[in-house]
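One chain, chain A, appears in both complexes that follow, with chain B as partner in the first and chain C in the second.
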Partner chain A sequence: MRIDAAGIHYRQLNEQINEAVDAGETEFVLDNVLGHRYIGAGLRDGVHLTINGIPGNDLAAFMDGAEIEVHSNVQDGVANTMNAGRIIVHGDGGDILGHSMRGGHVLVRGLVGYRCGIHCKAYEERLPVMVVGTTAGDYLGEYMAGGVIVVLNAEDTDGSPVGRFCGTGMHGGAIFVRGEIEEHQLGAEVTVEPVGEADRDMLEAIIREWSMAFGVDPGRFAPEEFVKIFPRSSRPYGKLYAY
Partner chain B sequence: MATNRTLPFKDMGGCSISGVMDESGRRFSGEEIIRSIRNMHERSNGLGGGFAAYGIFPERADQYCMQLMFDTPEAKRETEALLDERCNVHYAEDIPTRPHEAITDEPLLHRYFVSVEPDKSRPHLDENDLMVELHMEINTTIQDAFVFSAGKNMGCFKGVGFPEDIGEYFRLEEYEAYTWIAHGRFPTNTTGWWGGAHPFSILDWAIVHNGEISSYGINKRYLRNFGYECTLQTDTEVIAYLFDLLIRKHGLPLEVACQAMAPPFWEDIERMPEREQAQAKAIRAVYGGALLNGPFAVVVGSTGRMIGFSDRTKLRPQVCARGGDRLYIASEEAAIRTICPDPDVVWHPDGGEPVVGELQAGVQVA
Partner chain C sequence: MPNWLIEPDFVVERDPDRCIQCEVCVRQCANEAHEFDEELQEVFTDSTRCVGCHRCASLCPTDAISIRPAELEFRPNENWSAQAIRNIYKQSEQGGVLLTGMGNPEPLPIYWDRMLLNASQVTNPSIDPLREPMELLTHIGSKPQRLEFSGGETPQLETTLGPQLELHVPVMFSAMSYGSISYNASEALARAANEVGTYANTGEGGLHEDLRQYAGRMIVQVASGRFGVDVDYLNSGAAVEIKIGQGAKPGIGGHLPGEKVSADISATRMIPEGTDALSPAPHHDIYSIEDLRQLIYAIKEATRYRKPVGVKIAAVHHVAAIASGCVRAGADFVAIDGYRGGTGAAPTMIRNNVGIPIEFALAAVDSRLREEGIRQDAGLIVAGSFRCAADVVKAIALGADACYIGTAALVAMGCHVCQKCYTGRCNWGIATQDPYLTRRLNPNIATRRLVNLLESWAHEIQEIMGGMGINAIESLRGNRDHLRGVNLTDRELNVLGIQMAGE
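Showing the complex of A and B:
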C-alpha cells in the first residue's frame, strides 16, 4: 500500500496505516512524510514500512515487531520504549534515540545526537541493540540498564567518536566503541576493557547486520579495534539513600 | 478485527522555534516562516505564538518602531502622552490585522515611529540607552501597556493563539524581511497572555525560546543592577536583556557573551590550555549573574545577525541547515524542509555552541 502523506495530519496517517494493518496489509510505502509523529507506534511483526521523507518525533514508539526503513534523517525519540522489531535509518539520527528501548534493533547509517540509549534495558530474551554508523553525542547510554550499543566510527572521525558523560549512571548492558575514548568522557560508574572472546561473536554478528543493511564491507570493522564500556556494578546507587 | 494496539492519545508539546535568515540581505515574505512554524503545530497548544522580522520598514529605517499592546484606551492615552514628552513621534498607526476566527480578546495594537533627542543633562546616555529607559518606563509605570518591540527597521508580532494563526492575523505575508524568527508556545510555568508570547525584545534584539530558565530569579536581580526591569512574567525576558547588556553595553564579542550565558563546566575548564582557561574562569567569575541554568534552545535576532544556541547539555532540540544564501534554525528538521526541501547541509549543533548567521560583507540593510 502506498500512502501520500503530504498535507495529512499525523493522526490521520497513523489511523490509515492501522486500519490497513487490521485488514491484512503488510507492506507500506509512505511518501512525502514531513514531521508526522508516532509512525509505527505499537505496530506488530509482519508489517514493513518504507518511509520517504522526514518522519516526526517518536518514530516506532512502543513498536512491537514491525520493520521500518527510512531513506533520510530521522528526528528525536526514535524507538522510544520499543519492544521488538527493526529500524534502518539511511541518514542521521536525532537526540534520545532508543530511549527506554526494551528490545529490537536500530541501525543508523550516520551519526546520532545526545542521550541515545538512555535508560534502555534487557530482560531474558529481549536484548535491544543500537548501531551507530559514525558518531554519538553526549550522555550515550546514560542510566543504561541492559542492551548493546555499538558505535562504528565508520568515517574514522578525528578525536573520539563519542561525547562526554558516556555511560553515566550505567548499571547494565554494554557499549562498544571503535576508536579513542578518554577517562574524562566516561561516567563514574563504568570501566573500559578491550573486547574479549566472550563478546567477539556477538559483536561480529552485529557488525554484519549493519554492514548488510547499508551495503558496506563488514571486514572494514575488526572486533579488536573496539573497546567495551560496561558498568562496574549492577547497583551503583544501592547505598545512596541508606544511612 | 479490533486490536489492542497502544496509541498515544495525549498531545505532547514543548514549544516550537524556527528562524530563517537570508545572508545576502534579500528580503522575503512572512509566508514561508508561517509555513515552517505550522509544520510543528503539535509542539504548541494555542496559548502563544509570535514572530520577529528584520528589514521590514526600509522607508523609516532610521526611526525606532515601537509596537505596543494596550488593554485599555486609557493605557494608550497615557502612553501617547509619555511618548510626546520623551520623543518625536513621526508617524503612528494601528498595527494592521485581519479578523481571524481563531484569534479572540485582542488588545489594542498600535505602533509609533519615533526618534529621541540627546538628554543634555545626561550626556553619557546615547539614543539606545534612552530608548531602553523609555521601554522600561512604559512597562513598569503604565498599567495595561506593554512594549512588544522598539527597534529600528524591525518589529515583533505576537499574541495568544497558534503561531500560524497569529501570523495570518498580523498579515505577515504582506511584509518582507531578510530575517524571520518564530515561536509556538506551550506555557508550563506562567499564563498564556498577549505580552507573555514570544519573541521577547529590547531595542533590535528579539528572542524566541524553548525551555525554562531555572536561574530566572538570579538573572532578574542581576539585570536590575543595570536598569532592566522584568515585567512580562516569563523567564525568556531575561535572555533578551542579557544579550543587550553583554553585547551592546559591555561590548563583549558574541562568542564571549554566549560563553557567559552557557559556560563550560568547571571540569572542562580545568582541561583547557592555560590562556583559554584563564579567560573561561574570568568570564564565569565576572558574569556569574548572567549564567542561564536550565534547559533552553533559543534563536536570537538582531540587525544583520541571527544566532541559535542551546544549553550546555542540550536539553532542548536545535537543528540547523544552510541552503543557498540562507541559514535555517529550527526545533525539528521537518520544519526546515517544509520551506527548503533540499538544503546544502543539515547539522545538529552541540549544546552551548552558538550558530551565527551574518549579512555578507558589504550588504547594507538599514
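Showing the complex of A and C:
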C-alpha cells in the first residue's frame, strides 16, 4: 500500500496505516513524509514500512515487532520504549533515540544526538541493539540497564566518537565504541576494557547486520578496534540508604 | 552495631502470668523482636526490634503483650527532638540517606480539619438518601465545551465525546505497584475496584498476567523507568496515567532494590531477576510541556485514542501553572498528589519537607483552570491522605472530580501505619514479597474489607450531600459555597477560595 503523506495530519496518516493493518495489509510505502509524528507506534510483527521523507518525533514508539526503513534522517525519540522490531535509518538520528527500549534493533547510518539509549533494558530473549554509524552525543547509554549499543565511528572522526557522561548511572548492558574514549568522558559507574573473546561473535554479528543494511564492507570494522564500556555493578545505589 | 546506638521506639511488655510460651509472637514477628530460648524454654523480647505494628499483640491468644512508646526520654528539648537525635545516631553509624515509608507524619497543618461543611436548615429541604435517589456517578475525562444535537423530533447528540472513566464512587485506589505491595494486596485492590465500580492504579510496576482479567477497572501507569510498559499493557487498562511525580517524593526517582525483584516481579516489570529497578528522577523524554504533549500523544496513538491519558504530578510551587500546562498538553485528567501522600519508600528529608498541602494545590488548580476556561478539558483527581468520607466531600466541593486513596486502602487491609514498608518485612503481608508473610493477607477477605470501606464512604458521602440538599455529586463539584473555614488566615481563605465560618 502506498500512501502520500503530503498535506495530511499525522493522526490521519497513522489511522490509515492502522486501519490497513487491521485489514491485513503488511507492506507500506509512505511518500512525502514531513515531520509526521508517531509513525509505527505500537505496530506489531509482520508489518513493513518504507518511509520516503523525514518522519517526525517518536517514530516507532512502543513498536512491537514491525520493521521500518527510513530513506532520510529521523527526528527525536525514535524507538521510544520499543519492545521488538527493526528500524533502519539511511541518515542521521536525533536525540533520545532508543529511550527505554526493551528489544529490537535500530541501525543508523550516520550520527545520533544526545541522550541516546537512555535506560534501555534487556529482559529474557529481548535484547535491544542500537548501532550508530558515526558518532553519538553526550549521555549515551545513561541509566542503561541492559542491551547493546555499538558506535562504529565509520568516518574515523577526529577525537572521540562519543560525548561526555557516557554510561552515567549505567547498571546493565554494554556499549562498544570504535575509537578513543577518555576517562573524563565516562560516568563514574562504568569501566572500560578491550573486547574479549566472549563478546567477539556478538559484536561481529552486529557489525555484519549494520554493514549489510547499508552496503558497507563489514571487514572495515575489526573487533580489536573497539573498547567495551560496562557497569562496575548491577547495584550502583545498593549502599545509598540508612535503615 | 553497638547497642548504645539503637534506641528502641517502643517497649514490648509481656505479662508473665498470661504468657503461655506458645511462640505465636515469635513466628509472627518478621523483625525478630521475639525469640524463644531453647535452653530456658522461654520467650524473650528485644524491644529495639519492635516497629509498633501490633501484629504480635493482635494475635497473642492470651493478650499477654502490650506495646508502649519507649520511656527512655532525652532531656526535654523542643529543638533537638528524640527523632532528630536518633536520626543523627543512625546516619553517623551507617552513612546513608534516611529512608522511610508511608506519608508525612510531621505535625503540619491539616487543612481539611479547618474546613467545615454546610447543611440545609429551614430555607431549603435536606434529602434523605435512604428514600430518595442520590447520584454519585462520576465521569473522568475530557468534556466538550459545548454539545451539538441534530434537529428533528428526537434530537440526537452529534458531538463526539472523548473516552471517559465511569466511577460509581468518587474514590479510586491510588498507584501502588506490585513490588511495593504484595500480589495478594494488588489482587484485592483490583477486585474491589471491579466490585464497587471504581478503578485501581497499577503504579509503575507493570500489570501481572493474572491481574489482566481485572484491567477494565484499572489505570495503568507509565513512569520514568517504563517498567512493564509495552503496547499490550497500555491497551489492557481503562486509562493510562503518566507519572511525573509523587507527593511523598516530588522530583526524585525510585529505587526498587534487587532483593525485592523476585521471579514474578521480574516478569511483571520485564527486567532481569535480582537487578535494581531504577526509575530516573525525570522522564528523559520529557524536559518540557511540549515533550509531555509528545508522550501523551504517543500513548494516545498507541491506544488509538480509545483510552483517557492522564498525568500525575506532585503538588509543588506553581502547581496551578503546571497543571494548566498538563491540560494544554492534552491530558484527559490530571492527578495531583499532596505532600502528605504515602509511599512504600522515600528519603525522609524529602517526604517531610518537599511539596505543598493538597488542599491549597487543589483550590489553586481548579481556580486556575476555570479562569483559563479549560476546566472541562480534563478531570481533576486529588491524592495525598484522604482519611475519611468527609475529606472526600470537602475535596469535591473544593473542585476535585475524584480522590485517590492509598494509605486508607492499606489500612482497610490491615496496615497499622508503622512506616516500615521500605524494609520489605511487613508483618501484615501487605508491603512485602516474602512468601511466608504474603500468605497472611487473604485476598478474599482483603477484597471484602476494601469493598466495605468504599461502600460505607459512599453512603456517608450521600448522607452529607443529602444534608446539604444536594442530590447529585455534579452539583457539589467545585461548589465552594458549601465550605467555610475555621482557624484560617485571610490569605489562606483566599487561596482556598472559601469564606470564613459565620460569613
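We adopt the following convention: the second predicted complex is superposed on the first by the 241 of 243 C-alpha atoms of A that agree within 3 Å, B and C clash if a C-alpha of one lies under 4 Å from a C-alpha of the other, contacts with A are read in each partner's own complex, and residues count from 1 in each chain.
Simple rule for what comes next: a contact is a pair of C-beta atoms (placed from the backbone, for glycine too) under 8 Å apart; a residue touches a chain by one contact, two chains touch by 3 or more.
Being a predicted model, the structure only gives us computed values, none of them experimental.
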Looking at A:Ser160 after the superposition, I want to know if it touches chain B, chain C, both of them or none. Which is it: first, second, both, neither? neither
Could you say whether A:Asn73 touches chain B, chain C, both of them, or neither, answering first, second, both or neither? first
Looking at the overlay, does A:Asn14 come into contact with chain B only (first), chain C only (second), both, or neither? both
The answer to whether chain B or chain C touches more of chain A is C
Now for A:Ser211: first (chain B), second (chain C), both, or neither, which partner does it touch? neither
Now for A:Gly113: first (chain B), second (chain C), both, or neither, which partner does it touch? first
In the superposed arrangement, which partner chain does A:Tyr241 touch: chain B (first), chain C (second), both, or neither? second
Applying the document's definition of touch, where does A:Gly35 land relative to chain B and chain C: first, second, both, or neither? first
Contacts of A:Thr134 with chain B and chain C, given as first, second, both or neither: neither
Figure out whether A:His184 sits in contact with chain B (first) or chain C (second), or with both, or with neither. first
Return the residues of chain A at which the contacts from chain B and from chain C coincide. 14, 18, 37-38, 41-42, 44, 57-58, 61-62
With touch defined as at the start, can you tell me which chain B residues reach chain A in the complex? 1-3, 5-8, 39-40, 42, 267-268, 271, 313-314, 317, 319, 332-335, 337-338, 346, 348, 350-351
Sort out for me which residues of chain C touch chain A in the complex. 90-91, 93-99, 224-226, 229-232, 234-235, 255, 257-258, 266, 270-272, 274-276, 278, 280, 284-285, 294-295, 297-299, 301-304, 347, 422-423
State the interface residues of chain A toward chain C in the complex, per the touch definition above. 11, 14-15, 18, 37-38, 41-42, 44, 57-58, 61-64, 77, 80-81, 83, 96, 99-100, 102, 115, 118-119, 121-124, 126, 142-143, 145-146, 169, 171-172, 234-243
Across the complex, what residues on chain A touch chain B? 10, 14, 18, 21-22, 34-35, 37-38, 41-44, 53-54, 56-58, 61-62, 73, 75-76, 92, 94-95, 113-114, 137-139, 163-164, 184
